[in-house]
Every structure is written in structure tokens, then in C-alpha cells.
Amino acid sequence: MEEKPVIVDVEHVKKSYRRGQHIIPVLEDITLCIREGQFMALMGPSGSGKSTLLNLIAGIDRVDSGTIRVGGIDITPLSETELALWRATHVGFIFQFYNLIPVLTAFENIELPLHLTRLTAKERRLHVETALAVVNLSDRMDHYPAQLSGGEQQRVAIARALITDPAILVADEPTGDLDRRSAEDVLNLMARLNEESGKTIIMVTHDPRAAQRAQTLRHLEKGVLTDADCQAPF
Amino acid sequence: MLIVRLLFKNAFRHKFRALLTILSITIAILAFVMLRTVIGAWYAGVDASSASRLVSRNAVSIIFPLPLSYKDRIHQVDGVHLVSYGNWFGGIYIDEKNFFANFAVEPRSYLELYPEYVLSSKEREAFLKDRKAFAAGRKLAAKYGWKIGDIVTLRGTIYPGNWDFVLRAIYRGKTDSVDETQFFFHWDYLNETLKKTAPSRADEVGFYMIGVTNPDLSSAVTTAIDQTFKNSRAETVTETEKAFQQGFIAMSGAIITAIEVVSFVVIFIMLAVVANTMAMTSRERTGEYAILKTLGFGGWAIGGLIAGESVIISLCGCLAGITLAFPAAEIFKKALGMYFPIFTVEASSLVMAFASSLAVGILAAIVPIQRAIAIRIADGLRRIG
Amino acid sequence: MFALFHYSLRNLWTRRLTTVLTASGMALVVFVFAATLMLARGLEETLIQTGSYDNVIVIRKGSVSEVQSGIERGQAAIVESLPYIASSREGKSLVVKEMLVLVGLPKRDTGKISHVSIRGTQGHALLLRPQIKLVAGRLPRPGSFEMLAGSSIARRFKGGGLREELYCGMRHWQVVGIFDAGNSGFDSEIWGDVDQVMQAFRRPVYSSVTFKLRNAQDLDAARKMIEGDPRLSLEAKRETRYYEEQSEMMAKFLRILGISLTAVFSLGAMIGAMITMYASVATRTAEIGTLRALGFGRRYILTAFLMESLLLGLVGGCTGLFFAAFMQLLTISTINFQTFSELAFRFTLTADITLKTLLFSLVMGFTGGFLPAVRASRMKIIDALRAA
């Protein structure tokens, strides 16, 4: 089997939070690498720091020390503005509570990230329609989030995450708020995206069923990865 | 009382928002009280005027004089016990910006007719003795820093030339509602000068002030005086001082109405802000209200909570606004004291402010209460978590 | 960015009640602001139109207005003989001697007495005042007890209408014509024959002499001649300046009152806007986090929320302006503090006032929404997302 290139390279990352007077360490010296096309699940008890690690990789939080390289770019020293621009085209987000903009239709929600690019309205429309087809929601494009079920909202969110063809997809408890049936649909979709389109997916989850669908499983406990890193075969 | 404490806690749950709302109300109430005080100040002249004093002027036009010879004939009318007279002088002190009432009066009778102007007996004597003397109200003298013995010059507009006067007396008002910004001097000084410079204008009086023995006789005396001079060279129109002042107010009626309207606009602005806050607050608490309903609290109870919170916020703002109104009135008085010699915050304004705040508090809660009562428990609970 | 505008608009629409309430508060403030400006402007326009640039009015020195002034016949004759006076096409010298008296007349609607100016004037007065037009009836016959009434008087005072009778100066006078002086102060006057008026009111002196300059630039020369003449103790002013001064005190009073009121009110309304926007930010915390995560920067968030509050201000502004525009249908009549006579004027809406008002509403929206927008933009992404 060919070894795909490393797309996420986390080296000796430390992160703590300050709560008033106290400093609470969350991640202690994390080193991790993820290859292109990998579907990785991060599991661990609450407070283990798995969401924090995800946030750092996605560029919405900053490390205290260490480096993170995504797609070859070292994102650690980037400024807030540079990170924003980077995220727009390199990261796709899938949240537990879908985080759709309530006043925008499904179509407009998916189109949102494209407003940060230079595409024309016509070009944007084309992309959105394609994405809607991928997640099987072409007939609901003019509905508002309040009119969609949980599963449908999450699929819209996935379409939104895909729209800029990002380097990585990060998902924080994507099935956390879904019933069994919808969770199945969403996981199937994610698996398909990974297998057929080779999307790199990093997922944080509690749900063992979700974890099962991933290829690689990593455990975080008290801010430390409890199993081997990149050198080991996946 | 537990309920009051609960209401307070609820009202200030979101401290910042509560404070902002209260601030807004404070400003609104402050503006309201100031506006009502301005209106009150306008009418102050009317309130201060007496029903047992009459004013007689030329019936043809207010700017026309009456002959001095009328004095004795007025005195002879039944019910009249004191007659004084004067001319509006309209002099300018340095420049037009310094506006204050100045007029020539027959000093002895005038002071007798206006016991509310209080002078020390020493100053009274000095004022009466010196023909070039003038008397000024305490506020007026203070504004321009005049001291007894100072010479003040007025530039005449109706009676041209520069006129010098010596300050011999400073009067203070017996009560708060007396105008302490007046400037009056000897009628004889004016008249003697006119006899030399413009003799055709001498021996003419602008208005007569008449004291009646009994206020009940006012209307009879009024009619009698006007009857005396009917069909003579200068017909008179006599009315009580109160009516005379009211006449002037009526002419600025439109402006006063405008100010009254605006004072109510303020209340509506206040209503909009409080209603908005209550709407937002109750929307956020929908889940809570649903829970209360499951516990057995009825629509009325919830309505009461919302209304209570709303009223508390309104009243807090009202209190703050009223408290600030007093120092604000002082500042206003200093700045615009000349236009409004009497400027005091009246109890009626405060009562109105309180009533308005209460009303606003209740009205603002209406829509939120309606919505809260209409919540179906299941829907409300879904909103949480 | 059209998308931003769209997003802000949608958000305002979704929370309709709040939007309406906040905008209403601002609309009320804007209404007061606009109405005040319109009132002061209306007053100014009335008085400006009352004068002509090339007319000069002569009154006694030191008198602030015609009412206090007195010019003797001899003095008036000297003024009439000045070289700077223009002539009509027929060769008539364009100079009038007039006498002003204030008379109390009852109003039609309330019956209350108000002081009205009766102007004793001469037949050719209209030649000096081209802005005045006879709209009904005819001119009074010289030397008669007939009068011309301004349209404002005809409307609002008993006895001031066509063919009605007025009683003043112990005589009855018949109104034989109505003139329209537009918005000017003359519209609140009644004109009669100066000799008859002087006799009736037993005033043997004129109040003023007004003449038209042959050349508008001659004002200074004419003034020097009049004020320097030792036989006269008179002063001369350009008619427009004279009327401007008449309204200064009132206009200033109206403006100060209005602006200070509005300043205070606007504070209240701005705080209302602030409350709304803070709540808006608080409710949409998760949304803000999401947008930031997706790559929309701080400035975008700031702009989006600012735009919302600006839109709020604009809606409030347009509404307030709309209602203020209806005030133009009202006529205010009040006593002019300086001249003691009745003055009627209207609310006047100009393009300038419209612009100022809209600007004011935008400023209110901006000021109210600024701090909340800053708060929204400064949120940390992970904190905001956690609020979901």
C-alpha cells in the first residue's frame, strides 16, 4: 500500500487554560501525524482535551508551545487574520449542534464560505448545487434550518464544510445530537466522502458506533495520547 | 417580602441590560420633569398674580397710554382702596441679550400694592427719597453684581436716550413664587424728563394697578371702572391681574402646547425602550416559564412576575430621574433664569413622572405576558438544552 | 458587500418586535429633531420673506421695532426727499410712511384675544412689496375706512374676512380685500389708510418710513445721510435685516429648546438601540463563533453588527421623518416676544433638513451599535462556539 503524504503534523504541542488564578493544563506534549485520506477518530473521557486538540489543528485556538503543520503550512505563527483566511480554504467544520445560521436558507448556509472567495454568483450557485447533490438535499435548498430535521441540518453543515474543497474536515461530535437513524445517515455520508473522494477527516467523538466507522482510533487521556503515532502503520 | 426580593433578583439578573434600561428611563424622566417645570415656569406669572389686584389699560391698543388724570376718578370708584400706575420702559442694559423687565412706577403706592416685594425699611426710605433711584430684585442684582449705590444706565427704546439710575433698594420675594428679577424706578423721573424733552408724551400712564378692598368685588369694580371711561378719549379695559397674565400666556399657547406634546413623546420613547427590554428578557426565559407552569403556576402568576419585574425597572429609573431633576433644575435656573424667573420643580410634575413610570412598567409587560401565558409547556421545555 | 446587508436585514426582520420597538424609539426622537428644525426654519422663512433686499426701513433711533418707534411728519418729509429713492414706471416715488398699532382681536376658534398689527399705510405700498398679491376683493379707497386683511388674519380672526367688519380705534372698518403675503409676516397684518388710522387712534406720528433703493448698493450712503442728519434722530436698516432681527430671539429660543431636548432624547433612544444590539450579540454568540471559524474575520463581524444598528437607525429615521413631514400641514401662531405682535408660521421641510435628520438617525444607530459590535468582534472563537 502506498504511503500517502502527511497532511497534519502536530509536534510537541502543549496547551493550558487560565481560569482566574488557576492554570489548568489540557494538553501535555502531543505529537501526532495524520496522513492524507485518513479517517481518524479521537476518543477519550470528558476533559481529556480531545476537542482542544481538534480546535488547535483547525486553527481556531493557539498552542502554548510546539508546532502544527497542515498541508505543509506551519499555522502556529500565523496572525488572527491570516488564520481566518487559511481556515476559509483549508478547513471544513462539522459541529455537534450543526451551527447553521438560522436566518439563512440551506442554500445560503452552504454558499456562505464561498463569499470569502472571488467566485461570481453563478459560479457559487454551481458549487452549492453540486454540494447539495452530494449530501442528497437538493429538494430542501430553500428551507430554513428551523424547517429541517436534525439529520438534514447536519447534512447541510457537511455540505457547507465541503464547499471550498478543504484540505481537512474536522468534526466535533457530529452525531452527538442525532437520533440513531440520522446518525447512521451522517456517518454513512462521512464514510463515503472519505472512501470515494479521499477526504481527510478528523473526528472527535464519544459514540463508539461513530468511532467504528473511522479507520484509525486514537485515545486521549488527561492530555496525553495513549497510543502510537505516525510511524506505526494505519 | 419574598416576592419583592424575587422580583428584584429577576430584574437584575442581567445586570448590564437592567442598568442600561434604567439609565434610559432616568434620562427620559429627567427630560419629562424638566419639560413640565418649563411649562410651570411659563405659568408662574399667572400663579403669582393676585385676584385682588386689577390692571387697567387702554382699550384700543396695549401700546397706547392712559391720561394721568384718570387716577383720581379710578380712586372714586366703589371698592377701590389703592391706585398705582406705571409705564413699561423697555430699556436695554448694555445690549439686547440682557433682557429683564424694567418699568417706571409710582413708588409708594406700588410697594403698598405689592407687599410680596420685601424691602428693609432703610432701603425703602432711600428708594422713596431719591427720584433717580431704582429697586431691583435680588436675583437680578446678583446676576449683574449690582450693589447699593451703583449707577446703572439703561438705553431707552420707547423713550430714547441714555437714562441713569442709582440702586437704592434690593427686594426679595416673600415666597418662592415671587419674581425677583424686576427693575422699577420713579415714574416722576420719567415724567419730568419727558416734560422737558418730549412734552407731548408727558402725563401719560401705561397702565393702572388697582387694589380692591375685597376680591369678591373684583368683577363689579372692573365693570365700574370701564364704565366710567366709556366714550371718553381713552377707553379702558380692566381685568384682574391673573386674567391679564393669562392673556399673555394664551398668546404663546402654541409653543406651550408643543412643549406639552413633546413631554408626552418622551414617555412613549421610554415605553418603547422598556417594552423592548421586557420582550427580550421574557423571550430568553421561555424555558423557565414553561417549567414554572409544570410546577403548577398559572398564567396569572407568571404574568405577575413579568409585570413586577417591569415595574421595578421603571420605578428605579423614575427614582433616579427624579433625584437628578433637582440639581438639573438648579443648573437650568442659572442658565435660563432670565427667561424663567421662577423655576422650581413642582410636586405635580413628580407625581406625573411617577404615574407615567408605573404605567409604562405595566404597559411594557403586556405583550411579554401574553406570550408567556400562551406558551405550551412542551414547546417551552424544548427551548432549554 | 451585498451579502452583509442581506444578512443584517434578515436578522432585523426575524426579531421583528424588537426591531419595531427600537426603531420606534428612534423614530420619536427623529420626529422631535426634524420638527424643531422645521419650526425654526419656518420662522426664519416667514421673516425673511417679509423683507425685500432693496428696501430700506427707517425708524426712530434706539427703537427696536416699529411699534416703539415714532417719526414726526417733518422728519418723514425729509426722508421722502432723499436722492436714493427709486421711482415707479409712472414716476411715482417709491416711499411709504406707515403707522403700526397693536390691537386686540378675538380669534375665530377660541374667541381669545390676540394682538394683531394694524398697519396704516398708503395706496402705493404694494408697489414696494411685490411678494404681496391681492387675492380677493379690491384695494381700499384712499381716505376711507376700508381695510385690507392678510389671508392669515382673514382665516383666523373674527371680522377679518371679506366684507366683514372690524371694530377698533372706536370705529368700524370694513374689510374690502384680502391679500396673500405668502409665508411672510405681512400675512398676519391688517392694512388701512394711514391718515384715517392715525386719526382714529389719535397718534399724530408715523412708526416708520420705508423706501425702495434705486440701487441696492446705495444702502450705506443712504444710511449715512439719514443717521448723520442732525434734524433727524432716526436709523435706517435694510428691510431684510430688520425682519431678521425681529425673529432672532424667538428663533434662537426655539432652536436651543429643540436641540437640547433632542440631545437628551437621543441619549435615551441610543441606549435603547444599545440594549437591543447587546441582546442581539448575546443571542447570536454561537453564530458569531461559527462565522469566525468559517473564516470570516473580526472586521466582518464588526461591520455586520454595525450595519444592523445603522439600518435600525435608518428605519427609525425614515419613519420619524415621514411623520414630521405631515407637520407641514400645521400653522403655528404665537406671539413674537420681541415685537409683541401675532406671528403665524409653518413647519418647513427642506432638503437640507431631510439630510441632517437622516444623518442624525444614522449617527444614533452607529453610536448605539458601536460598543455591542466591538464586543461581538472581540469574542474568542472557542468561547463563542462553546455557547452553542
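Labels for the chains are A, B and C, by order of writing; each one numbers its residues from 1.
By our rule, contacts are C-beta pairs under 8 Å (C-beta built on N, C-alpha and C of every residue); 3 or more make two chains touch, one makes a residue touch a chain.
Predicted model only: the values in this text are computed from it and were never measured.
When every chain is represented by the mean of its C-alpha atoms, the one lying closest to the mean of all protein C-alpha atoms is C. Judged by contacting C-beta pairs, the busier of the interfaces A-C and B-C is B-C. We define each chain's centre as the mean of its Cα atoms; on that basis chain A and chain B are separated by 70 Å. Inter-chain centre distance (chain A to chain C, centres taken as mean C-alpha positions): 65 Å. Here the CA centre of chain B is 25 Å from the CA centre of chain C.
Those residues of chain C in touch with two or more other chains do not exist in this structure. Contact residues on chain A toward chain C in their complex (touch as defined above): 55, 58, 60-61, 80-81, 84-89, 93, 95-97, 99-104, 112-113, 115-116, 160. Residues 1, 3, 7, 10-11, 13-14, 286-287, 289-298, 381-382, 385, 388 of chain C are the ones that touch chain A when the two sit in their complex.
Interface residues of chain B facing chain C in the complex, by the touch rule stated above, are 16-17, 20-21, 23-24, 27-28, 30-31, 35, 60-64, 90, 92, 96, 155-158, 160-161, 233, 235, 247-248, 250-255, 258-259, 262, 265-266, 268-270, 272-273, 275-277, 279-280, 284, 339, 367.
Listing the residues of chain C that touch chain B in their complex gives 17-18, 21-22, 24-25, 28-29, 31-32, 39, 60-64, 67-68, 101-104, 112-115, 168-170, 201-203, 233, 249, 253-254, 257, 261, 264-265, 267-269, 271-272, 274-276, 278-279, 283, 332-335, 340, 342.
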